[in-house]
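There's a structure below that I have some questions on.
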Amino acid sequence: MNTPVQATKPADPSLLIMGYEVVIGFETHAQLSTRSKIFSRAPTAFGAEPNTQACAVDLALPGTLPVMNKGAVERAIEFGLAVGSHIAPRSIFARKNYFYPDLPKGYQISQFEIPVVQGGAVEFYLAPSSGSGPSEKRSVRLVRAHLEEDAGKSLHEDFIGQTGIDLNRAGTPLLEIVTEPDMRSSAEAVAYAKELHKIVTWIGICDGNMQEGSFRCDANVSVRKPGAELGTRREIKNLNSFKFMQQAIDYEIRWQIEELEDGRAIQQATVLFNPDTGETRAMRTKEDAADYRYFPDPDLPPLVIAPEWVERVRAGMTELPRVMAQRFCADYGLSDYDATALTQSREVAGYFEAAAQACGQPKLVGNWIMGEVSRRLNLAEADISACPITPAQLAQLVTRIQDGTISNNAARQVLDALWSAPEGSVDAIIEAKGLKQMNDTGALEKIVDAVLAANPKNVAEFRAGNAKALNALVGQIMKGSQGKANPQQVNALLLQKLA
Amino acid sequence: MTQLSSDLHDLTVAQLATLLSERKVSAVEAAQHFLTRAAQHTELGVFLDVQPDITLAQARAADARLAAGNAGPLTGVPLAHKDIFVTRDFTSTAGSKMLQGYHSPFDATVVARLGTGVAGSNPGAGMVTLGKLNCDEFAMGSANENSAYGPVKNPWDTTCTPGGSSGGSAAAVAARLTPAATGTDTGGSIRQPASFCGVTGIKPTYGRASRYGMVAFASSLDQAGPLARSAEDCALLLSAMCGPDPDRDSTSLDVPAEDFTRSLTADLAGLRIGIPTEFFGEGLAPDVRAAVDAALKEFEQLGARLVPISLPRTELSIPVYYIIAPAEASSNLSRFDGVKFGFRADQYTDLNDMYLQTRDQGFGDEVKRRIMIGTYVLSHGYYDAYYLQAQKIRRMIADDFQQAFQVCDVIAGPVAPTVAWKLGGHSDPLADYLADIFTLPASLAGLPGMSVPVGFGAGHLPVGMQLIGNYLQEARLLNVAHRFQQATDWHTAKPQGI
Amino acid sequence: MSLSTTDIDRLAHLARLGLASEERTRMRSQLNDFFGIVEKMRAVDTTGIIPLAHPVEIMGDVALRLRDDIASEPNQREANQRNAPALENGLFLVPRVIE
């Protein structure tokens, strides 16, 4: 139910593909992490025996009626607050009528004209299309997020000529989150999806498990010449991995452009992405799609949400990534970009704050987490929760860099050592490996004097105004100190002696 | 005992309850007596399912409660349920081939409250179920001729319709095959058959009785209620049926259960009875009018004052109702697709054909007609002109009643324009729709309404008077009806040959 | 306003009713008779009137009742599937669904 809004932003030339502007909107179905179904008391746990979690209400047995789950509404409110939406004080459940074997009532209870969550936006940073330069802040506007019930599953395997219907999933609460067609590239689309995934898992309203279908994305893709009306869109259904998402959208964009270039018009369609072929294919158009005969569900009076309830939910919510990032900027003097990076997950944020507070060096700690630490984690395909080094250890390492005990190079060696033997202490490793920087000025002066004496030519050149000559001398001195000299100190000493 | 039990079936619910509580009759005796009568009067076609073993087991349980001294006022009294209510122990067909032999895994809330109770919340009245009663398919009809299991015959003239859709309920009570029965009323389905069969029936305020376990026809209109032989009996049953069902029905009202017998005998002096001009137009048959007028005079005798009022949109209620009800029905009946339960066609080529064949063979003509109407008025491009427009006029109709209740306490008029017509007498479905004109307005407004026998018309067929009260005024309606029945004996009249 | 045979076909399809052709013809005339009496209703001026979805709204504001998030329904698959037309390994069977 995307409401195509004319996106007025002028096309960014760097994003044009063969002269076409790409326009993408998203519809995401997030399964809400309630214990019971949205309109029945049956459990929602994944993977149970077929139809053992489908009660009389879920099966639409004659005489059954829906009774709304408060937990689902609370989660919808939390989401709305997380993305700055308006929480409708009064929203309406409607019936969407169509026949399908996994839809027990012959209609889906959803929200149509008046959804519970209205407006809002998802903000994130996007690496520049040019590939270099700073990341840009992007904001994708939300049209709405509404509550609805999930359908069951059709199993086509092992039944000769027949399909098996498992209704365990029928009635699982969903929040369908609909964006404006604000995205202009597959990269931006994936970045949006990742940010949305981060938000719903961060606030804990959805487990985010894409394999099990807890977080399903549909992408509405169209292309147009810059400034033209929105093109006809095709909807790519059930993108259940970020990797496929990018592939599917890129393929779809190319396909649409080629169609248009070959003079064929795009037909509105629902398509599926086949990971094996890497292609999108139009589904057999679901019949009745044209006419769902929506009308307010007479079994369900209006959903009324008092302001007090919204405030109670707000008060009980964990600090949101956006808010936490702002705090990191204010309290720790981090840049927007760093603060966002360090609030990718609650785990990373927690790790950062623990280390930063332990050593009072937030910027250094941040650089090390985003640099050396995450590089090693990526290699191990692990996340921060699996990091062998504790925040306290990282704090200690950063302290040693800060007080000049070791150089950055030496610190990397310490990190490597800790990584393989986490029980070790930073100072012990520095000792054992003899990584301490030479801070004994007397010893350093001897080396400096020796080097100056041994290199009159460079000295002369420097005095003659060739700054480069200094570097040669510094190099000699560092060598003479087996790299343990503190470069700043060496510079200072040299300049003083050559003055 | 035996000479007494020979005419047990002539006793009212109140009288039977007294004998049972005084242990002068056992629940088993009473049940046995009515089971025998049911077996003797199958020609009326009222019962769709009878399970003597289950009935007698319930009766023994009731006797145990009576013996143990933890019985309620109705414990042991037999009753029968309209087949629209799903039951665990009896089949539940809703009068449709679609649900032939259907066994519900649970009891409707109303059935549980009247019977063995709702687990955890309500002990149950301990009444004994005699069986399930015939009705129009999915409660769609005014003559009980739309049942897949054959028509019900009017005990007063077996060539006539008992009315519908609760025709089996009304006929069973009139024929003394049960002291009382449950029914459901969507557009008049309790009041009109009660009127045609000369029994007393009440439809409470929408939301008073839980809809959980009622096979849904039109969700915003369906409401359960009792049919019996007196207002007092209806009051006793209604008290047991009503009450919030927060765990199962989101539209059940948050008003506590009431004792509707509390004010039965209150004086009617000063009662203002509103007489809607539109209910007494040329559409009203003279014989019905005569009986209703006589009853109004009787009320004046009892100290009531007649106040002329207007319900200007009475005629509009026909199109409004026949758009809203089918719209909701078209959606409610989509679950009958041959996948999870009920009928599935034997022959089909693929999934879509299975749907087409199953629903074509499983539904009767009237049901299909209403599904088509409902599908149309909800479909793209017509929703605003039909469904939405109807919902707007529905509010105007409800507001008209509130206007009227400024100047009167209850509203009185005919239930139907005529007495019962011949079976097969209405070849044109539209004729049935038009005959609902006087019951539809209160249904659309969700107001309580009842039918009280006030005499006989052509062919010595019963005439019912309709009483409509404001929201939650059931006790007042029952009081008005009870005082009338204390002063008259129309409600005690008994069909010949029964 | 009058329903055409294509209207009837479209509605029969939407409602999944495999009506035989003579039934469609009868249905069409009956529906057109009915919509004859509906015309009066369409003419009524309802500007500014709020549709009445739940009759008890007249008594005062109605709000959806919410239940606590507790999973208390036991597994009753056997009882729930007792009336199923076709089953295998606890699954409802239908003719093959092609996507």
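Observations
So that you can tell them apart, the chains are marked A, B and C in the order they are listed, and the count of residues begins at 1 in each.
Here is the rule we use: a contact is a pair of C-beta atoms (placed from the backbone, for glycine too) under 8 Å apart; a residue touches a chain by one contact, two chains touch by 3 or more.
All values derive from a computational prediction rather than experimental measurement.
Among the chains in view, C has its Cα centre nearest the centre of the complete protein Cα set. Seen from the Cα centre of chain C, the chain whose own Cα centre is farthest off is A.
No other two chains have as many C-beta pairs in contact as B-C. Centre-to-centre spacing of chain A and chain C amounts to 41 Å, using the average Cα coordinate of each chain. Separating the CA-averaged centres of chain B and chain C is a span of 23 Å. Centres computed as Cα averages put chain A at a distance of 59 Å from chain B. Shared contact sites, meaning residues of chain C that touch two or more other chains, fall at 14, 16, 53-54, 64-65, 67, 76, 80-81, 86, 92, 94-97. For chain B, the set of residues touching two or more other chains reads 102, 105, 220, 246-247, 250-251, 330, 337, 339-341, 351-352, 355, 375, 379. Chain A has residues 56, 59, 61, 67-68, 99, 101, 163, 165, 167, 287, 291, 293, 298, 300-301 in contact with two or more other chains.
Contact residues of chain B toward chain C in the complex are 101-103, 105, 205-207, 220-221, 246-247, 250-251, 253-254, 315-316, 318-320, 322-323, 330, 337-344, 348, 350-357, 359-360, 363, 368-369, 371-373, 375-376, 379, 385-386, 388-396, 398-399, 402, 428-430, 433-434, 444-446, 471-472.
Note for the complex: chain C touches chain A at residues 13-14, 16, 53-54, 61-73, 75-77, 80-81, 86, 88-99.
Residues 34-36, 40-44, 49-56, 59, 61, 67-73, 93, 99, 101, 154-156, 159, 161-167, 272, 283-284, 287-288, 291, 293, 296, 298, 300-304 of chain A are the ones touching chain C in the complex.
Those residues of chain A that touch chain B in the complex are listed here as 56, 59-68, 95, 97, 99, 101, 104-107, 163, 165, 167, 287, 290-291, 293-295, 298-301. Across the interface of their complex, chain B is touched by residues 3, 7-8, 10-12, 14-20, 27, 30-31, 33-34, 37-38, 40-42, 44, 46, 49-56, 58-59, 64-65, 67, 76, 79-86, 92, 94-97 of chain C.
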